[in-house]
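Presented sequentially are two complexes of chain A, the first with chain B as partner and the second with chain C.
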Partner chain A sequence: MNTAVVAIKSQKKIDFQRVLEPYLYLSPALIIIALIIITPTIVGFSYAFQSIELLNPFNGGWVGLAHFKAMFADRYFFSALGNTLDWTLISLFFQFFLGLGLALLLNRRFSGRKLVQALVFLPWAVPTFLSGLTWAWLFNPIIGILPHWMSSVGLLSEPYNILSDPQLAMYGPIVANVWFGIPFFAITLLAALQSVPSDLYEAAAIDGASPWQVFVKITLPFLAPMIAITVMLRTIWIANFADLIIVMTSGGPANSTQTLPSYIFTTAYRRLDFGYASAMAVMLLVLLLFYTAILLKMRSKLAKA
Partner chain B sequence: MASITLNNLSKHFDKTQVLKNINIEMLEGEFVVLVGPSGCGKSTLLRSIAGLEQISGGDIFIGETKVNELAPKDRDISMVFQSYALYPHMSVERNMGFSLEVQKVPKAQIKKIVSEVAESLGLSQLLDRKPKALSGGQRQRVAMGRAIVRHPKAFLFDEPLSNLDAQLRVQMRLEIKALHQRLKSTIVYVTHDQVEAMTLADRIVVLNAGVIQQVGPPLEIYDRPANLFVAGFMGSPSMNFINTQVIMDRGQLCLQTTSGDKLPLVHQYQNLQVGMHISCGIRPEHVSILDSGFGHLQGRVNALEPTGISEQIYCDYQGENLCIYSMQRSGCKENQAIALQLDVHKLHLFSEQTGLRLQQLPDAIAEYKVVSGE
Partner chain C sequence: MPDVTKTDYIKLFAHRFAILLYLIFSLFPLYWLLKIAVTPDKLLYSEGVKMWPSKLTWVNFELVFTQSEFPTFFINSAIVSSATALLTTLIAAAAGYAFCRFKFRGKLIISALLLITQMFPLVMVLAPIYKIMAPLGLTNSLLGLVIIYTAFNVPFAVFLMQSFFEGIPRDLEESAMVEGCSRFTALRKVIIPLTLPGMAATLGFVFTAAWSEMLFALMLISDSSVSTFPVGLLNFVSKFAVQWGQMMAAGVLALIPACIFFVFIQRYLVQGLTAGAVKG
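Entry: the complex of A and B
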């Protein structure tokens, strides 16, 4: 009798240990994550429901959903949302397809391939601030060459700075962003390409598939998981990426290049309205979460099919 | 169906020559097996025929067509890879029908052809599965099915059974043989498994270091190996070799071993001269242990390997390891001294200088028949 009770007790102890033990080992990582990710997120969330204006320090305190109500009445918020969409989709489209093309080229054998690979990945290593400045200069007709080229091929009526034209200004940062982002897709897709077993290509060559059929029926299915994950990551990244815009146009002229992140940045650090900026940041987070959920759902559906 | 002819084919990677002056004529419907040690160039030869490797010299004909410059798909051959190379993201059905799919054959027709082939290979139940949900043997069959669906002029197999366990290998071997008899197609088959080579081949091609050593029907290669390499390579356990010299002993030509034992030569051989150094080969099954008397040679048992059905006895003679293969259980012990009797009709003579076989003269074969008929 007695021994049975003892056995049960020690059994419970062992179970308890077994449950707890992994968390003990994980605790250093958990503590770090809590400190540097979860805490700022919660603080940021709480700002979204408070009035925190450095220029108006006595007007603090909880304001409920006031910021969100203001947001829906804010014309600039919606124009920034539209710009964010343009900025993200156009940049992503060109980054992806040019990156894929580059990866396919780099996957072929040619002499000096190692060197070319290293050079191709250079834009990625240039600080964004620097590339933003350089591109801004390139678009400047006084020191840059691009406006002159564009006018000689007929894209522009005369060589002027497109960054100061509200109709065209957005394309400046987009071009810089595409240049900056191609290497990311090229690197990741090249890695995925090289993981396709070469005997599959040989089997396909014997089966009589044309190069296009090989690409569509063998290469693409192998790349699909990588494409899904990189496109998702890059969308979030580009949508959140304001450095180039801040450096090249600061959201101007006339707010024509203002995206949500750059609007948030301006609101927080120029107008010093942290409450409203946090509320918009929360909104952006919700939108991106929504997008990610849709993409993940699509992916799991594709994987099953 | 078509013949395959290789004329003076050679291939080198950078500076290393992998194939040298390969000349083979494979007949229509013939089952040709390429054997040779690892790295001798079997896969390279097969891949050259398939068009996956650019050849450095010579010509390849499939049927009457010279295919040197043709892309793999235009050579109308099928290849079964050692790794199977099944498309992992496609079902068995799509894998098998892929060659038709890329030719834009109507779906209904593909389905019909694939299901017929699947039926014949016992794959009908598995058509919806992905390759990773198949066993090794099933994958192998899908790979064969994919090759058959195309109705090619010739099949190329690169060690298709080497990833299977022994039992499955025997089963698949029989299936491949049945397949060949059913389709009557030209097959070039690479293996380094002796038994596969002997049982499947109409003709065996033995390769070593990129050079053809011998081409012939399996039993001819076994019974009359053209040189020391083929003699040592084909057959398991492999042939024994004894260093000897030709002498004339009381009017009879004999081989004398270094320790002075004499083996009488009962046949006549081309180019045999007294004083020649001969490497004398004798297969393990042609050596027997005498219960009494001295026999031809006296050895000492090194090791015994009973397999149940037979027994292999390794014994020491002149510092050489001699193998004896016997269907009887000898009851020998290690270190026991034994007397060995050689079947002197079955001696293989190779010149030590050139490594080449000394051909037995035809009248000697007639004599042999009389002797064995006694």
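Entry: the complex of A and C
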């Protein structure tokens, strides 16, 4: 009887340990995330409704929805919104299709494939500030060759820096972003391609299917889930990505390359207006959540149909 | 069948040619960086846009090493990135192990939370973090950067470590536990040695990410003695806008550690990028 109680008690102790053990391993990660990501996010939400200007410390306090009202009257906010859309969609389009092309090319055996793979994936490892500077230099007619090439094929009337032309400046950071982002899509899609069972291809070859039919009927359906998830996540990531723009144009000339994240950064970093910056960040977050919700809804509808 | 071989050759040629185009596009900007760095200043205006200068020089690298603050920036970045990589890998290994080997209450919620943190606009927390860090003396401090970078790299590193743990058969530690090892001893003696390559890859990924971070560094650091490389380089560019050779030589310097780690983590790229699909 007695021993049974002891056994139950020690059993309980073991259970207790077993229950607690995973949390023990998790706790450092959870604590640092709670302190450095979650707390500031909540604080950031509260800033959106306060006046916090470091250059104007006495002008503090709660202001309700004043920042959001100001936002709707701020034409730079709306132009930044439009630029964010251009920046995200154009970058994503080229990153995805060029990445898919590269993945298809690499999904074939040839000698030196490993080396080629390492070299074409290298841009991904280049620090983003350096990618931005390198491309900004390439667009500079004094030390860069791109303006000269563009003018000799007739894209530009004379070799000048497109980064200082409000009409064309956005293409500078977009090209840099495409260069940097192709490897990401190539790598994830290559991994998905390699998971397509090879007997399917063999069967298609026996049936005499054309390469295009094979791609549409076999390859694409296998890639579809991977494509759906990476494109969705990547859209959000690109929309939030401001480094290249800040380095190459800092939003200029005449705000022509200012996206929402770069505008938020400039408002916080240069104007030190934390309240307005946070209000715009909340708006950005709401828009991104909205986008995700629509996409998930569309996906579940498609799955049902 | 001569026709077949002919189209085969055309296909082969097209394939190699397309690959060549991708190679040129990937490598040309880096080649250009290196080229300007070794072009003598005098020749820049006459030969700046030629494919290769008529004379080479190492002067720019010498100036960067001896006359500039770049060695300090380099060391600061190296300290911050290595410390971040070590701390993140330790924390993520523990959490990844918990995710892989335990069933527990809240598992789904916690992993969803980790995923969500990756989708948040970074700019959202810049201002609050500055306000929180300033009174703690963590602005203008390398420690401050290490703490922030660790927090933002942990979620991705957890997914990565989890995927490495999944690759280790459970039987191994179970048989060790049957033979009387505690779970922790089994972890220490059996699992950790097997995950060392995975940990090394995680170290590499996090190091590269920390090396390239600039928004927090710009926001939090104003003192040049604690500047990391991006902050130092961007300040240099805005101050000495025509010192092309030196700027590019410094750029080449920033490229070196990232490239070393890249070669080192190349094998794990697929695993890393699928785990960090959100991160890039």
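A few remarks follow.
The rule we apply is simple: the second predicted complex is superposed on the first by the 268 of 305 C-alpha atoms of A that agree within 3 Å, B and C clash if a C-alpha of one lies under 4 Å from a C-alpha of the other, contacts with A are read in each partner's own complex, and residues count from 1 in each chain.
The criterion applied here is as follows: a residue touches a chain if its C-beta (ideal position, glycine included) is under 8 Å from a C-beta of that chain, and two chains touch if they have at least 3 such contacts.
Fair warning: this is a prediction, and the values are worked out from it, not measured in the lab.
Of the two partner chains, chain B is the only one touched by A:Ile206; chain C is not. In the overlay built on the shared chain, the residue A:Ile187 is in contact with chain C alone; chain B does not reach it.
Judged by the touch definition given at the top, the superposed model places A:Gly252 against neither chain B nor chain C. In the superposed model, A:Val116 lies in contact with chain C only, and not with chain B. After superposition on the shared chain, chain A has more residues touched by C, the comparison being chain B against chain C. Against chain C, the residues of chain A that register as touching in their complex are 19, 21-23, 25-26, 28-30, 32-33, 35-41, 43-44, 47, 52, 101-102, 105, 108, 110, 116, 118-131, 133-135, 137-138, 141-145, 148, 179, 181-184, 187-188, 190-191, 229-230, 233-234, 236-237, 240-243, 246-247, 261, 264-265, 268-269, 274, 277-278, 281-282, 284-285, 288, 292.
For chain A in complex with chain B, the touching residues are 197, 199-200, 202-210, 213, 217-218, 221-222. Remark: chain C residues 15-16, 18-19, 22-23, 25-27, 29-30, 32-33, 36, 44-45, 48-49, 51, 90-92, 94-95, 97-99, 102, 104, 110, 113-114, 117, 119-132, 147-148, 150-152, 154-155, 158, 183, 208, 211-212, 214-215, 218-219, 229-230, 233-234, 237, 244, 247-248, 251, 254-255, 258-259, 261-263, 266, 269-270, 273-274, 277-280 touch chain A in the complex. Those residues of chain B that touch chain A in the shared complex are 50-52, 71-73, 77-79, 81, 83, 85-87, 89, 98-99, 101-103, 146, 150.
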